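Got some structures for you, see below.
What follows is chain A paired twice: with chain B in the first complex and chain C in the second.
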Partner chain A sequence: MDWLLNAGDDPAHKFLLMIIAIVLFVAVMALILFVVDKPRNPSKWFIAGGFVGPALLLLAAGLLYPAIGTIVNSFQRRNSSEFVGFDNYARAFSDPAFLLVLGNTALWVLVAPALATFIGLVYAVVVDHSRFEKFAKALVFLPMAISMVGASIIWRFVYEYKPDQPGIEQTGLLNQLIVWLGGSPVQFLLERPGNTFLLMVVLIWIQTGFSMTLLSASIRAIPTDIVEAARLDGLSGFGMFWRITIPSIRPALVVVLTTIAMTTLKVFDIVRTMTAGRYGTSVVANEFYEQSFRQNNAGLGAALAVLLFIIVIPVIIYNVRQMRLAEEVR
Partner chain B sequence: MSTTQPAVAPKAVPVPSSVADRSRKAKKALTSPWASTLAVVIAVIWTVPTFGLLVTSFRPELDIRRSGWWTVFGDAFAGEGVFSLRNYESALFDSSTNLIDYFVNSFVITLPAVFIPISVALLAAYAFAWIDFKGRDFLFVAVFALQIVPIQITLIPLLSAYVDTGINGTFWPIWLSHSMFALPLAIFLLHNFMKDIPASLVEAARVDGAGHVKIFFQVMLPLLTPAIAAFGIFQFLWVWNDLLVALVMGGTNTFPLTVRVAEMAGSRGGDWHVLSAGAFISMIVPLIVFLALQRYFVRGLLAGSVKG
Partner chain C sequence: MTIRMASRRRAAALAATGASLALILTACADTGDGGDGGGGDGGGEAASFEIDCAPYEEFGDLEGTSVSVYTTIVEPESVTQTASYEPFEECTGVTVEYEASREMEAQLPVRVQAGNPPDIAILPQPGLLNTLVTQYDAVLPAPEQVEANVDEFWSEDWKEYGTVDGTFYAAPLGSNVKSYVWYSPSMFEEAGYEVPETWDDMMALTEEIAASGAIPWCAGVESGDATGWPGTDWIEDVVLRTAGPEVYDQWYTHEIPFNDPQIVDAFDTAGEILKNPDYVNGGLGGVDSIATAPWTDAGFPILEGSCWMHRAANFYQTQWPEGTEVAPDGDVYAFYLPSQSTDERPTLVAGEFIGAFTDRPEVQAFQTYLSSSDWANAKAAATPAGGWVSANNGLDPELLATEFDRLSAEILADPATVARFDASDLMPSEVGTGSFWAGITEWFASDASSQEVTDDIENSWPTN
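Here is the complex of A and B:
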């Protein structure tokens, strides 16, 4: 049994386990489908159960049950021994350290999605139909394939600092630029509140490709007769952009903004890799990890997770509303 | 870190503009020098950081400590530039970093964690789209709504369930968790694609006496290949690049590249020779997959979803 569970550090064993997992899964699914297909005149429920059953089972076990568990946990003491009412939430909203975390998260959500959307939009408009369009878009698009961990390392190297002494050269690009311009190097990641913004740069850098792709597609979907009519009315350049393009793609803009906002809310990897939440850069998702798995404070961790959940809800409702509106217009 | 986002782009599928249209617009695009400058500035900011780290990963350790990567161009011109694969070698095989082991883990985690949820979701999406059973709409809305559950909220109870069953620290909880977290988005997305398949095809197969299982395999699956590819890339990028799930659910023998590289950034933050090489080792596979299947990825994005 242990052989099936644990591969230790033997690569061959790991690969074998991987194949076994897949074969096992295929066998189970095949059995279910075989059983479902067997009867001559099966009831609809029976068939549907075979098709939807595995998914519903996994969802119930993997999302529903644990989510309820966490909500209950958030009202309990750190080791889940007794109920403490709203104490965990009260702490999250009163302890200055946590207020900083909440403030940082708010800052992230306000700034990062807006900038990523804006830059993506501008870039989409500027390179649209240019000779290098494909190549230019690929450059901005590529960071989407890079993990947040990888992107954080890329940017940490840009922010790298070497002490300001004769004979020592800066190896971080940003500090070198400052030195070239006659300034003295800065320990970027240590200085509040600038460091939070420098962390946001990483997320913006990743997400701009997303906003560019979606917005570019919706700009192209603007009916040509509208553009033509506006042109006859003498609109061009910035006027065209402001009066025709922006209103036409408003629904797409909202979707992009809210989607990035949701990603931003849960940003963990970047903070973890860049500063591990030190120097006043922590956010809710990072603090959740810290409290739950480092400080063994499950109650507080659960409260933070629930908080994350509650903040997401209005964003999503707004998003779904906009989607509906967008569909009605069409 | 997010599980899923029901970000459904308005169904604004790009209409390819006609050739004449294109050339007319091409005249005005990039004509303003401001616009061109802006485009170049953005493109540079989006490329130079990656390029800098890439160059660094081929430089000798001492050079990296002493001078910036931009100096290599002057050096190369003077015939002094030294490039080697030494950093990659030590990042992959030195006993202190040993990234090759973590590479294996990343691979072993990713394959089942992409295959399993897609298969389960395909079946469920088929039922939601083409089997008319009671309570279908309610269940579908429920699954759709589950997209808003952040994975953070599930981690602690899931982990203690894994500990209770004794499978924690192995690959199984990671495969399971990724499969479960992927389902709401996968079902929703694949359902949308499946709905678009003409009912007449399904009807024809049914008249020929095909049952649901046969219709699923012989009518649906072949037509859904692009949709599967689209979601497959999402899921692949998500699993390969994931840090949180692997960190929480895994153990020393299962940690993937992301966990190890993030850990190195903390403990060996100044060792840029291994960090730079390590970062690119962790990025190479997703970059290749992404570039090869970009077409499907864009289609998936436009069809209404992204995972962050």
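Here is the complex of A and C:
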């Protein structure tokens, strides 16, 4: 048993375990297929159960069980020893420190997805059918390949501050520009509420590529007969954009907006890497981690996680609906 | 917070996450280190260090057994740490499985709850011990051999830090001395300045330097998600000097409120230096730059001549860039942060503690070894570059590598020293690693007043 569970640092041993795991997986799947295939006239439910069952089982163990556990935790004391009713939620909604966190999260959800989608849309329309289209698209899409933490570190350098003292050179890009223009360096990450928006820039920088790609594809998918008919009716330029393009890609627009909104609600890496939630920039996801794992307050941490969950549910429902609508249109 | 181990956290995080692939590789390499039982070839010096094997015979034949250790002490300090275990391994045949992680403080409670604790954890602060005992009931009381060792080699105070509700759990391991001011001996000599002996002397010197057109002090409290801790050390040191050790004890035990006038007074006294734009922040910016300057580099302006004094603990010794000579006639050295008079020497200290989660004989034998003077001496012998010291009174100062380490050991052993443990490590974690850190950061970042900050922290003190 120990041989199976502890590979140590012997690569050969690790590979052997990996192969055993794969063989086991294949064997179990084969067994399921074999059993499902066995009866002459299997009922629909039997076949469906055979295929969906394992996935449902794993979902229940990996998602449902911990989710219920978290909800229960959120009504308990910090070490889950006794129930305290809604105390944790009351604190999350009354303590000024947490109100700031909730406010910041609202700001993130309102501003970041809207800007990322808007910039992506405008960019998609502008570069569409231009000579440099491929290159221009690749340029905006590139940041998508960078992890949130990586991007945050890059932007930390952009915002880096060095004092305005003799013999000291700026190392941050933005402050160097300011100094060249004759200004004095600014502590970008300290000035609130501007610093929260500066953090959003990182997310927008990453997500614009995503929105640009999806929106560009759905602009291409607008039937040419509609466009031509509109043109015959005398529409062009902004009118075309506003009356034809936007309504035609509305479902895609909503999907992009809500998908980015979900990413935004979960934003944790950017805040933790850039300010660790200090200087009034914390958001719910960061505070959840802080409470659960730094201050060992499992109750409050769970309450914040549940709050995040509740906020994200309507967005998900809307997102799924629009996705179905978009499919029906097609 | 006493994170000498977390010291490289930021730099390493930057380096590791710069390429996420590198991060994954590092993670793999880390577990690899843990597996081979404590760096077989790393510590030639320690292997030659002889200890008496007799104390471990009573635990029976331990040959072939193993003990797992979980700690925040990552490379490069982990090399000397594992090397110091070798004499024990040779005596008993026990294999020590060493696992280090920067996320240990967050992960340990998770592992305890999952029923998968290590045998032994090196706890970087008593607050974590308190949490593990009171919230998870997970740490086992120290065996009698360990208690006997601690009674013999450590003072009452140190034993008390490893005690929760009257039960002794955790023996101290290493110690840090935090009441130091780093300076450049050559700069002082050229300018004709003397090392100040009292607080007033120090303030006079500060004024003199400022009058010459230079900025005397530099400071920085940025430390990733632990941002603020170097600032809390500053305040604690000043509380010890303006209000005295008795008030200090009442302060961290919450017998007096956090916003007691004496504490507000200490904030203001520290503020006379730290919030005076004429006195800070040499080479780093204005007062608010203290909040954003990484503590690891905050003393470096001394090397460039743009700052004169930097208050930081003895472990700042290992932070200086390679090639910096730490000596009374070298590039940098430190003097004791003076108090109001020369006959009292209140000193802020900190350290790590050994918590055990299992009680197999080999685990208890290893605990016994770690609490002994043999271990302290083996560790000193295994640390040729210095930067380590202990308040274990069996430690032979001659074995310490540098003059500065011997100075720290001398301060720890001096009967005139009134040592007090880092208060933020002793306060409940909501305060000690939460609102106190956040508050002190605000104090610098948005120029919040001492009264506002202490009021906020007092309000965050847990009621149950």
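Everything below uses one rule, namely that the second predicted complex is superposed on the first by the 269 of 330 C-alpha atoms of A that agree within 3 Å, B and C clash if a C-alpha of one lies under 4 Å from a C-alpha of the other, contacts with A are read in each partner's own complex, and residues count from 1 in each chain.
In this section, a contact is a pair of C-beta atoms (placed from the backbone, for glycine too) under 8 Å apart; a residue touches a chain by one contact, two chains touch by 3 or more.
Being a predicted model, the structure only gives us computed values, none of them experimental.
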Partner chain in contact with A:A55 - chain B first, chain C second, else both or neither: first
Which superposed partner A:P163 touches (first chain B, second chain C, both, neither): second
Partner chain in contact with A:G150 - chain B first, chain C second, else both or neither: both
Contacts of A:L142 with chain B and chain C, given as first, second, both or neither: first
Contacts of A:R78 with chain B and chain C, given as first, second, both or neither: second
First, second, both or neither for A:D37, with chain B first and chain C second: first
Contacts of A:Q295 with chain B and chain C, given as first, second, both or neither: second
Chain B versus chain C as contact partner of A:L102, first or second or both or neither: neither
Chain B versus chain C as contact partner of A:R272, first or second or both or neither: both
Partner touching more residues of chain A, whether chain B or chain C: B
Shared chain A contacts, counted only where both chain B and chain C touch the same residue: 8-9, 147, 149-150, 153, 272-273, 276, 293
Chain C partner contacts - residues on chain A that touch it in the complex: 8-9, 77-79, 81, 97, 147, 149-150, 153, 161-165, 167-168, 187, 189-190, 192, 272-273, 276-280, 290, 293-297
Chain A contact footprint on chain C (complex, rising order): 13-14, 17-20, 31-32, 35-36, 105-106, 109-110, 131, 135-136, 215, 224-225, 227-228, 281, 283-286, 288-289, 291-292, 304, 306, 429-430, 433-434, 438, 441, 445-446, 460, 464
